[in-house]
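Chain naming follows the written order as A, B, C, D and E, and within any one chain the residues start at number 1.
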Amino acid sequence: MNYLSDSLLAAVVLIFSFNREVQLAVWTSLYTATVAIIVAAVFGVPVGLWLGLKRFRGRRLLITLLNTLMAMPTVVIGLVLFGLFSRQGPLGEFGLLFTPIAMIAGQTVLAIPIVANYVLACVNGADQRVIDTARTLGATQFQASIQLIKEIRFGVMAALIAGFGRVIGEVGVAMMLGGNIRGSTRTMTTAIALETSKGEFVFGLSLGIVLLCVALIVNLFLNMLQQR
Amino acid sequence: MEPVVSLKHLLFTRGSFRLSIESLELVPKKVYALTGANGAGKSTLLRIMALLINPQRGVVQFPGITTGDADHLRRQVTYVEQSPYLFQGTVSDNLAFGLKLRGVARQEQIRRISLTLSIVGLEGFEQRKAKELSCGETQRVALARALVFKPDLLLLDEPTANIDVNSRPAFEGLLARLPKYGVTVVFSTHDRFQAQRIGAELLCIRDGMLQAQDTLCLF
Amino acid sequence: AERLRLATTTSTEASGLLAELLPPFEQANDCKVDVIAVGTGKALKLGESGDVDVVLVHARSLEDQFMAHGYGSDRRDVMYNDFVLLGPPHDPAEALGTNDLVEVMSKIANSKVSFISRGDESGTHVRELQLWQAAGLVPQGSWYLEAGRGMGEVIIMANERQGYTLSDRGTYLAFKDKVDLKMVFAGDQRLFNPYGVIMVNPARHPHVKQDLARKFLDFLTSEEGQGLINGFQMAGEQLFYTQ
Amino acid sequence: MNYLSDSLLAAVVLIFSFNREVQLAVWTSLYTATVAIIVAAVFGVPVGLWLGLKRFRGRRLLITLLNTLMAMPTVVIGLVLFGLFSRQGPLGEFGLLFTPIAMIAGQTVLAIPIVANYVLACVNGADQRVIDTARTLGATQFQASIQLIKEIRFGVMAALIAGFGRVIGEVGVAMMLGGNIRGSTRTMTTAIALETSKGEFVFGLSLGIVLLCVALIVNLFLNMLQQR
Amino acid sequence: MEPVVSLKHLLFTRGSFRLSIESLELVPKKVYALTGANGAGKSTLLRIMALLINPQRGVVQFPGITTGDADHLRRQVTYVEQSPYLFQGTVSDNLAFGLKLRGVARQEQIRRISLTLSIVGLEGFEQRKAKELSCGETQRVALARALVFKPDLLLLDEPTANIDVNSRPAFEGLLARLPKYGVTVVFSTHDRFQAQRIGAELLCIRDGMLQAQDTLCLF
């Protein structure tokens, strides 16, 4: 087991050495994931609310499709967006491939079904009287939905946390659309994948521990926000 | 004077339950008491009037209230459920909900909230957590939450069922006084003498139909 | 049937060479070879920890280190192929037509056209760094992209950026029709790329299937094996050569 | 965009050609994910229930840790279990590395936090009276929990679906612990990764579409189960 | 005869609310009526007796019921909440819950369920969905769900609050009859005459304390 303990030790050393490259990768991971989760929330939360509240034909089918999207491998999302962003693709002229923007786009696509699904589950679990009560007090459908979000805010927060975790820990999209370019699109996860492919297991694992520490700090911070 | 609400050729069914009302017009600034056995359809009728559920057939109109759209209408018609839902947060947050929607200024909100709470016998309850109230207290808060913005039509589902016996006269007095402030009240009750005490007009549901208003109501 | 675990670089698996090479061996010895295709570094690591029986890689210096540490008990040269320099068809650095490798490298560096490096310490990457060194250059700047990815991915990136890169011939042939890149330089001695096969040391890892592993080494270096390697073609070109 | 439409076409051809290797990969993906999610449910559901029902010091911290685990890159799980299963690791003697068992173990570890988190969110959303009601009717704590699970069964099902999707779509664990061995541990996702690295984007994407079809069928099946 | 439940030196506080009971013993096979203002602590006291919440201080014992452990005890003590929760599924599923736990045979379950439903005035409701009942129907099902396995101690929180007026005599008669079958009943109510009609002994909570049983109860 000294392989695992070696990694732990290396992680501690890594954290306190303030290695420039590691810092940069942490930063890239953090800001792409943050932007992606914000954009995903803008789309995913309303979708989840809508599927949770409205009753219409085909609703169950849509939910099943949403569930299916959660099984989408990240590399497939990468492939599809690659087709969009590549030189020959419809958005090729903007030269977005292998930039953080392409990564963020992919991560957003990845996070939307997760956020939507989680919010849907929360809406299903929420007290059925919330919307009615708000409406009888004079709220429009939109205002009532906002009130519902407030009532299930812990669930929505959990949805965003789940999505954030998924995005910051994923590697397929970041690799495929970001390109793992040193100093620019290298994230913690692509760095880990790289070290692993080099056979530098201890270093890869210690980077993984650093990533988990970063995620822990973010979660502690969100947790603090929640408790206020 | 135009009726506050008028129902015509109304039919509502759900499973084996069936509610049908040929015609009903409620006059402004009056108190109506709705009675009927358990499962007769009192709550259903109130929910239809509160625009929460749609009847399969027939029309529900509010000629005396607004010519605006449904969203305008909803600001004037309110409904307090039989087991009301209070929003998370404090009692004050709950009462402020309707006031905020209507753009009432912060200071005025505070004034009205404390006034209304004292009316329902909950002085000083502003900062209590809404989810940590007893049943009767919850019912009082829900009533206050509706009263605070003075609706034109107030629909109450068994509002005094869980109110303690010493406070009941105060509540009945309150219901009786509301028309003076321009509020039309419809409340359901299982207490056959309550309607009399308040001087409310009886609406009695039986076999899925409204009984003629002059027949003796057995509930 | 017995199973032999072989860790190898992606190039041998992806080119299809192993699909030609393994079935006769498996039939002759009534066994199955489990191929774990990973980067050279990881392949050697798997050998080091005893999780595979045989490794087939191309990184001479690392292989020698592996042997020196006693992780392997037997190493043999199997075959070689070569590296080639790829670039965009219009060749903005004018590398084409130059005969000197060092000059080509400086031209690319001076043109400031993108050069995509593997950046993953693979055999190819190590060779690339040697070439820069030979040219007396330290590649850096926004034109020099260290991708940290596999060969195929790097070719795709070079294609997208319309830049230059160093590739092994096998992967280039596999990607030739998919990308808008051409070979701008090849054939220099310094682009020689030997593959070696190593049997993991049974003295360190007693569970290593040494008989089967030895048979595998024998097979690869036998006339039959060498013949299969020489006969293997991709896109009408021979890909690997034996000594 | 004919790269995307080509892939769609290729996927259709692929499905109806009943390619042996693809079938095998589908099967490997399916059964490892299924076993993993069952095992994950055995651990994850009780953890979620426990965190949702019991109030104790450190509960919020545990929940934060659980959230953090969701950010764990699959390759890191792969690395850690590699340390266990490798010949030099504590379980090395069983020779489980590069077998489906190792993959299943990794996928289980991956799915547990997801299932637990989702169940936790459902318990938080559930009516607070369920447990009390069951207990006053004579149920033990355990029987009351079972009743709670029944009441939130849609949420629990959603948790399992989310976990299943995550597991069947992941590639890091399958690569690292399975080894992508043809005919044995090659799953749909490792096959996609392989094809992608070979530059066979169309084939990779069409495999991705096949995978999504498989996931869709599984979800439709679960959906049918739910509606009964 | 040993008391069914005995409370000693009980103190329960929550925020500014405080309930303290020096000593209370409930005799078997009697009906007790609990009264008090909204927020007086009726529900709290019932929940303590139902073992749902623990007092900060004092002991709650059930000498007349069982010497077994708490899980045994819970089979004999049941509590019907003020706004009861019905499990998903049918009315019959809800009633079967307690029977299954007690290992009652399938046939016997069906027999008892239909009998109990008819007692609470819900003949033929077996296959109705529990979540789709009116308020009064819900209250009846919850009562039936508790009655069906004949507990030793039955704690009811305002059981007739939402029951229609024509059915009330039947319910009051039922409560009055239960001791004959060996059931001790404690119910809370806001109807000061109900206790009299049933012949129940009055327990009155005021200022966080139980009033002496011989003083006049103002609720």
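One rule holds for everything that comes next: a contact is a pair of C-beta atoms (placed from the backbone, for glycine too) under 8 Å apart; a residue touches a chain by one contact, two chains touch by 3 or more.
All of these numbers come straight from a predicted model, not from anything done at the bench.
Note on connectivity: the fewest steps through touching chains from chain B to chain D is 2.
Chains that touch both chain B and chain C are the following: A.
The chains that touch both chain A and chain C are D. One simple way to say how far apart two chains are is to compare their mean CA positions; for chain A and chain E this gives 50 Å. For this pair, chain B with chain E, the centres built from the Cα atoms lie 30 Å apart.
With centres defined as mean CA coordinates, chain E is found 45 Å away from chain D. We define each chain's centre as the mean of its Cα atoms; on that basis chain C and chain D are separated by 35 Å. Multi-chain contact residues of chain D, defined as those touching 2 or more other chains: 86, 88, 127, 201.
Counting partners per residue, chain E has no residue that reaches two or more other chains. Residue numbers of chain C whose C-beta contacts span two or more other chains: 150, 153.
Of all possible chain pairs, the ones that touch are A-B, A-C, A-D, B-E, C-D, D-E.
Interface residues of chain C, counted against chain A in their complex, comprise 38-39, 41-46, 119-122, 145-150, 153, 157, 159-162.
Here chain C touches chain D in the complex through residues 5, 10, 14, 32, 34-37, 49-51, 150, 152-153, 155-156, 174-175, 178-179, 205, 207, going by the rule given at the top.
Residue ranges of chain D in contact with chain A, taken from their complex: 1, 3-4, 7, 60, 63-65, 67-76, 78-80, 82-83, 86, 88-90, 114, 117-118, 120-122, 124-127, 152, 154-155, 158, 161-162, 164-166, 168-172, 176, 188-189, 192-193, 196, 201, 204-205, 208, 211-212, 215-216, 219-220, 223, 227. Residues 86-88, 92, 95, 97-98, 179-184, 194, 197-199, 201 of chain D touch chain C in their complex. On the side of chain B, the complex with chain A involves touching residues 50-52, 71, 74-75, 77-81, 84-85, 87-88, 97-98, 101-102, 145-146, 149.
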